[in-house]
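Each structure below appears as structure tokens.
In the two complexes below, chain A is the common chain; its partner is chain B in one and chain C in the other.
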Partner chain A sequence: MSQPNTTDMQKIETASNVLVLGGGLAGICTAEAIAAQGYPVLLVEPGEAVGLKAESRPLNSYSQSEKDTLNKLVEQVRSSENIEILEKTTLSCATGVAGDYRVWLSGQKPLSEKQVGAIVVASELIRNPLNAAYGLEIGGPVITQTDLEHALASETKKFTGKTVAFVVGFGQSGNPLVMERVLRSALELAQIEGTTVYVYVNDLKVAAEELERLYLKARDNGVLFFKLSQAPVIETQENGISITYSDPVILRDISAQADFLVIEEAMEADSANAHLACLLRLDLGSEGFMQTDNVHRYPVSTNREGIFVVGGSRQVKALDQACMDAENAALQVRRLLGDGTRLAPANKAVLDIGKCTFCLTCYRCCPHGAIYWSTENKPVISLIACQGCGICASECPMDAIQIGEFSDKAIHDQVQKSMANTGKAPNIVAFCCQNSAQEAAQMAADFGIALPEGLHLIQVPCAGKIDLDYILNAFVQGADGVLVMACHPRNCKSEHGNTYARWRVNDAQNRLSKAGLDKARLSFVTLASNMGSEFARIVTEFETWLRDL
Partner chain B sequence: MIVAERKPFEEIKSLLEPYQKVLTVGCGTCVAVCLAGGEKEVGILNAELKIARKLEGKPIETGAITVERQCDMEFLEELDSMVDQYDALLSMACGAGIQFLAERFPEKPVFPAVDTSFIGVNRDVGWYEEKCRACGSCVLGLTAGICPVTMCAKSLFNGPCGGTNKQSCEINVNQPCAWYRIHERLSKQGRLKNIMEIHPPNDWRNQAPRTIIQPGYEERLKAFNGK
Partner chain C sequence: MSTEAKKVMVIGGGIAGLSAARELSLNGIQVELVEKADFLGGHAIQYACKATDNCQQCGACTVESVLKDVVLDPGIRVHLASEVIKISGSPRFKVQLGRVAVSDNDDTSKICQEGYEKNPVQCAAVKGFSKHNAIYRTADGRLNPDICQTADKLEVDAIIWATGFVPFDPDQKSTYRYSELANVVSGLDLERAKRASGSVLRPSDGKPPRDIAFIQCVGSRDERLGHLWCSQVCCPYALRSAMALKHRNPDANITVFYMDIQNTGNNFTGFYQQCRNDLNFIRTIPIDMYETDDDRIRTRYMSETDGKPVDAEFDLVVLSVGIMPGNDNKALADLLQTRLTPDGFAASTDKLHLTATDQKGVFLAGTVQGPKTIADSIAHAGHAAGEVIRYLRRAS
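Entry: the complex of A and B
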């Protein structure tokens, strides 16, 4: 259905300043990168101070030279004219859309309202000692990785002549950040007079170049690594710890003694993310990060335009990766805010306020948070934030929203026209998401695969645009069968478009049965854009089935 | 708002059995908001009717219109020029709107397409809860903003019945006991004395058809409508 582009463009003004939430190193780097693009930054940190203190990684896990570099960066940010820092401050409320967010901050100063064009969330990870996985309590000879880092910074003598054992990778699947901390500490211990260091590890995660070097250095300095497939049995005794494991080579149980046992720590998403995600209307992903797996998005993007996530907000990330996120976020901010004005197609999603009954359905359903309630108490669709999926339009009980070239009338006319001059072959109306099924259909056609004679493709911007009444009306117009063709689960560009489509198909099937039609005449399928032959197989089988009826 | 639910299709179909041309009239207020009878639902219902009647070999012709509110005569005016073409009207409004529609077009059979269910609130898209029975003498000020008429299965005014069961109502463990909640909230607010006095029963005789003339409008009624 793509027609020559005659769309009117609308000019939209955007606010130029950016809110960065979180003053750990990821937040610092982000503030710096965005300010360097010329946008004023408001850097907000809930804790005492921005910088190393706000980091999830304990201060002591950095080397002195690293600390120096990082502190220099913090100083730079502190003295930057383009960056305002608010410490002991949190976000209490946020409204609006990309280019024009209103945020309320509370903290040292009384609640204040600010307008910002974009928001970057830079949450830190939290450390969680995994002693429970080993059936141990922290205390005495059993210490956490953080305890150890602390001790190494202040009282190294404590370890002279002692045996220290690490356990890592049995309480969680290993990750490089965790491994790096273990390797650094093990190496440091090994360099203390007379210590013996054992590392019992499940899966040695040393994928990063630096880590590999660190590992070799630790080994060369006498750290003993035991790669085990099962966690060792650990018992606390009066004078230390006993560690028993089954040796994979000699196939025998081996016991060792240690003075200290260092328990691994998980680096996890901060549980505060859930609250923040709720305030910002972000989809919370698996494991509590503020991003879902969505192949269609840039690495730092979220379901909402103008809200980006970096570092610990989106994944377990090492420092260099967090800095990369910061650069990406700055690029995204520039793409969004430009020089303060943006052009967007005026007809992307048009809301007829005269028809609207203010039911909030569109506001609640938009997966991109692109609809806001204006101060005049009406819904407004942001042309910047809207992705044109049409989920709102298909849910609106008053048909008050129309999507660009995919208006209700245009779709209705297309279905009607496709039915006009049909032959004997069964009429199949296939509503195809343009991100998957439509491309698969194109591929099938390009490959010259024969498709049913009575197949009519109706392209939609997202399966979420397939209204219940489109489906039913296709039957009214004379379709023998209807296919709703969406992206695979968890693969929808608009997150829930395929889910809405599936729900509507279930609903429509019930309605069709009650009207006396075999509900199998309506079918929901999911496809990927490269599944041309699968597309052909599905439509052909459907046709065969319809012919046999 | 008033919350309604679409009637089962079978029932609507049998109501319309004898008619060939039906105008389905949606309502753009409460029933649109609760996703039962707005413009979208009108289109869907008409499509269902057409499919079913075609299969039965008795095709039906349908018209569709959604007015702002069927409970205001002025909004029904726009139907005046249309109804003649139809054998029957199918209203998707609440019971009040349906009756006003029937009053405006007394010569036409008017049928309900929804069951009007309750006065309630909207928790999320498609999810409604009953909150008020329009008893005509609201006690929410005494009961911490929780309605004992609606939320208590026996509409008790003076504390729970003997069946109150660990925070639940005896009719169903998933139904919270209204009086447990009232007690909880009042005690948190330090207002328990609110319910220490016996509250007399409501005057349920008020359930006879009620009319309200807002204070200040009596004169207007007499001047313009009193004939």
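Entry: the complex of A and C
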């Protein structure tokens, strides 16, 4: 990696221990993987005990030897000298930044404060029976998927000679994990003497390893699948259940009887995630998961450096995916904490405390939670946690923050210089996010696509760095048009940089209008790094429009 | 750390190989990255951004970003147009590399049939030439052996097998007449065309299509072909592509023929609702394609409501081809002395160790092990890198 001169680097000490929140299997795998890297782990479980019991994913999809491996892993974690386990314990409060988090834990022992270098959240999924979607109460012949799994583990005779019907995919979109549970149970039932098994299903969610095979095996073992678009009508009767559905093949309503109806369960994010996200200053993503829907967070990162999410904290996937996440989190932890010291460029984000009025704007707008308040009551930008996006720098009302090589002066100079030797073509200043538009521009150039003669690219670390002043100054310096080119919404590496840029463009457009200029001379565009030809099209169309003015 | 003097070979420079190489290098391990094609990035570097007003999380841009990191990483030595021809010794593997002849005209995709000379921009896209791949080229566009073919013998302490997949060859389902009909294209053709030109045009006349059909499960979940797996990526890419097309051209009339729609990520419920509003969904898979006199594609399917046959005409038909095991898997399994699954993907030891193989020091990453999305390939590659580091530590 190319880094500036070492004299400009600052050495930062990091704490070496890691907090893992959640003692289900994802947490256990993570604790083991991190401890194996040589970092002490504090494994915190809100429930009674860490281990398989805390696991929300059913184990019936694993072979005996795989289960043995899991049990061995639990034992290994329990007996590891490098892992401290705190059960019936929860996180009460967290402050600090990557390398130096302070966390307060409450539980069996009185509230205790710990310092940790990194935090991994390993929430488990929760199960939620969707009987309400069918207007049914659980009880008697109406059982949940979990009830069925328990029954199949202990009293299979109950089902001998019986008809069992499943409904799945009508109370929810569902997912392969939900489907796998249904398919495994259906197959197991079909192998009990004299059973008849119906599965009424919307979309078969088979997008996981071996699931299509499992479906075919269930079918070949006599499970009858009815793929419907509408939920069947279900009525409970004295001697069982009546199911009426519109048959998609013969195109008329059919009624069937069953002794048991198995209600589908959602497998979803733990509602406790929201509170935890709040404590840790994480942005929540869709459906209550603790990772935003942002491809730059792959696989286990969050908006905050040093806080990682694994397993059920980030998506609905089977246990093998949780193992994968655990190993990824361990790698990230190692990359962050290294041997206890980190070097970071000292000028990454520099705060001029003399200009600072302690207004808290930077603290509030930093998408990475990289700014904290020191004991002397001053804002401090953590050089480890800071991603250098510059949102704080352009939001700061006092211009008290400067970002590395992207200082206000450097950008003003660059704009001025680009205007110095211009020809007859319209002058276009394009402020380009280095993560998207700048790459796209380079791609267009490399593909040999013609770009406007008067196009001047100004690279910024994130569109959130594009100050209102930069835009207005570009016009003052002689630009005929200005483009602000950001990442697509939900694709910003700093989550909201593009949103800030859009707001500022709106603001600047209003000012242009008031000054009597056509506000369309300033345009806000979103792009991805691989959109070379689109980049060329956009700038060319803009140039044509400017020429025609 | 004792792993620092160690060296690992990654076979395959697609998203999984790139991600694994990068993770290893960040952990102080030297990497020899061997890629058979004459560019890095594999299939995924050929995919187009599918954003509408918002990013739709296809992940194509992350490939660009990892590729850049790898190219700029001095800890990773890249061998292009190179393949492994012999491996001997253990635990230190002695590897012999051979050169793969690369022709600019070997790409038979519809976009590149004109050849590189006639259509450099589009073919550059197909070849994954961003400024990042350009580093391996001379000014006249040829591969520079002084940069990317610097060794024919390697000695490594572990191997990550990450050679990916091949897209299903739609000609195997002959009634779709893929090779014959210009306006029947594969999902990959669509991606490449969009990446190259920024828009989707009909191959026959270069005009924007209005009536477009996506046909799902082409080559996947197909008992006749013995393909008893869901490719996991086709519903996501088809739906995202369809929504991006609709966004660009609101007059487009897009129909998705499907068996079962698979999820596209955590935001699936909301996304699918939008798809349902904007696209037509028909739960059946049409079989036969005919060309009409006015250069459209006619097909026929059974109506869901009354069971009667319906004739439908489209300007463009996109076959959502799935993920098939690589053509070299058998040969590589022999070289690496490890197993394949009955489907032909590389076999992992068990469900809890999806990156481990029966062979000590040999690990798997990405779709060589089975269908995966870009996101899952990255996670799998990270897992593989982690397992390699553990292995090297144990071995030392």
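Everything that follows uses one rule, which is that the second predicted complex is superposed on the first by the 495 of 549 C-alpha atoms of A that agree within 3 Å, B and C clash if a C-alpha of one lies under 4 Å from a C-alpha of the other, contacts with A are read in each partner's own complex, and residues count from 1 in each chain.
Here, contacts are C-beta pairs under 8 Å (C-beta built on N, C-alpha and C of every residue); 3 or more make two chains touch, one makes a residue touch a chain.
Bear in mind the structure is a predicted one, so any value in this text is a computation, not a measurement.
Asks: Applying the touch criterion given at the start, work out whether A:A15 contacts chain B, chain C, both or neither, answering first, second, both or neither.
Replies: neither
Asks: For A:A515 in the superposed arrangement: first (chain B), second (chain C), both or neither?
Replies: First partner only, chain B.
Asks: With both complexes superposed on chain A, which partner does A:S286 reach: first (chain B), second (chain C), both or neither?
Replies: second
Asks: With both complexes superposed on chain A, which partner does A:C392 reach: first (chain B), second (chain C), both or neither?
Replies: Neither partner.
Asks: Touch test for A:I263: chain B only (first), chain C only (second), both, or neither?
Replies: A:I263 contacts neither chain B nor chain C.
Asks: According to the stated criteria, A:C433 is in contact with first (chain B), second (chain C), both, or neither; which is it?
Replies: A:C433 contacts neither chain B nor chain C.
Asks: Contacts for A:L152 in the overlay, against chain B (first) and chain C (second): which applies, first, second, both or neither?
Replies: A:L152 contacts neither chain B nor chain C.
Asks: Just to be sure I read the superposition right, which of the two partners does A:S229 touch: chain B = first, chain C = second, or both, or neither?
Replies: Only chain C; A:S229 stays clear of chain B.
Asks: More residues of chain A are touched by which partner: chain B or chain C?
Replies: C
Asks: If you lay the two complexes on top of each other, which residues of chain A touch chain B in one and chain C in the other?
Replies: none
Asks: Note which residues of chain C are touching chain A in the complex, please.
Replies: It comes out as residues 23, 26-27, 47-49, 51, 53-55, 57-65, 68, 72-73, 120-121, 124-125, 129-131, 134, 195-198, 221, 223, 228-230, 232, 235, 259-263, 265-270, 272, 283, 304-307, 350-354, 370-371, 374-376, 378-380, 382-383, 385-387, 389-390.
Asks: Please name which positions on chain A make contact with chain C in the complex.
Replies: 1-2, 33, 36, 61-63, 65-66, 69-70, 172-173, 175-176, 203-213, 216, 227, 229, 248, 251, 285-287, 289, 291, 293-296, 298-300, 314-316, 319-321, 323-325, 327-328, 330-331, 334-335, 435-436, 439, 442-443, 445-449, 487-491, 526, 528-534, 536-537
Asks: Which stretch or stretches of chain B touch chain A in the complex?
Replies: 8-10, 28-29, 32-33, 35, 38-41, 43-44, 47-52, 54-56, 66, 122, 124-125
Asks: Using the touch definition from the top, list the residues of chain A that touch chain B in their complex.
Replies: 355, 357-361, 364-365, 395-399, 467-469, 472-473, 475-476, 511-512, 514-517
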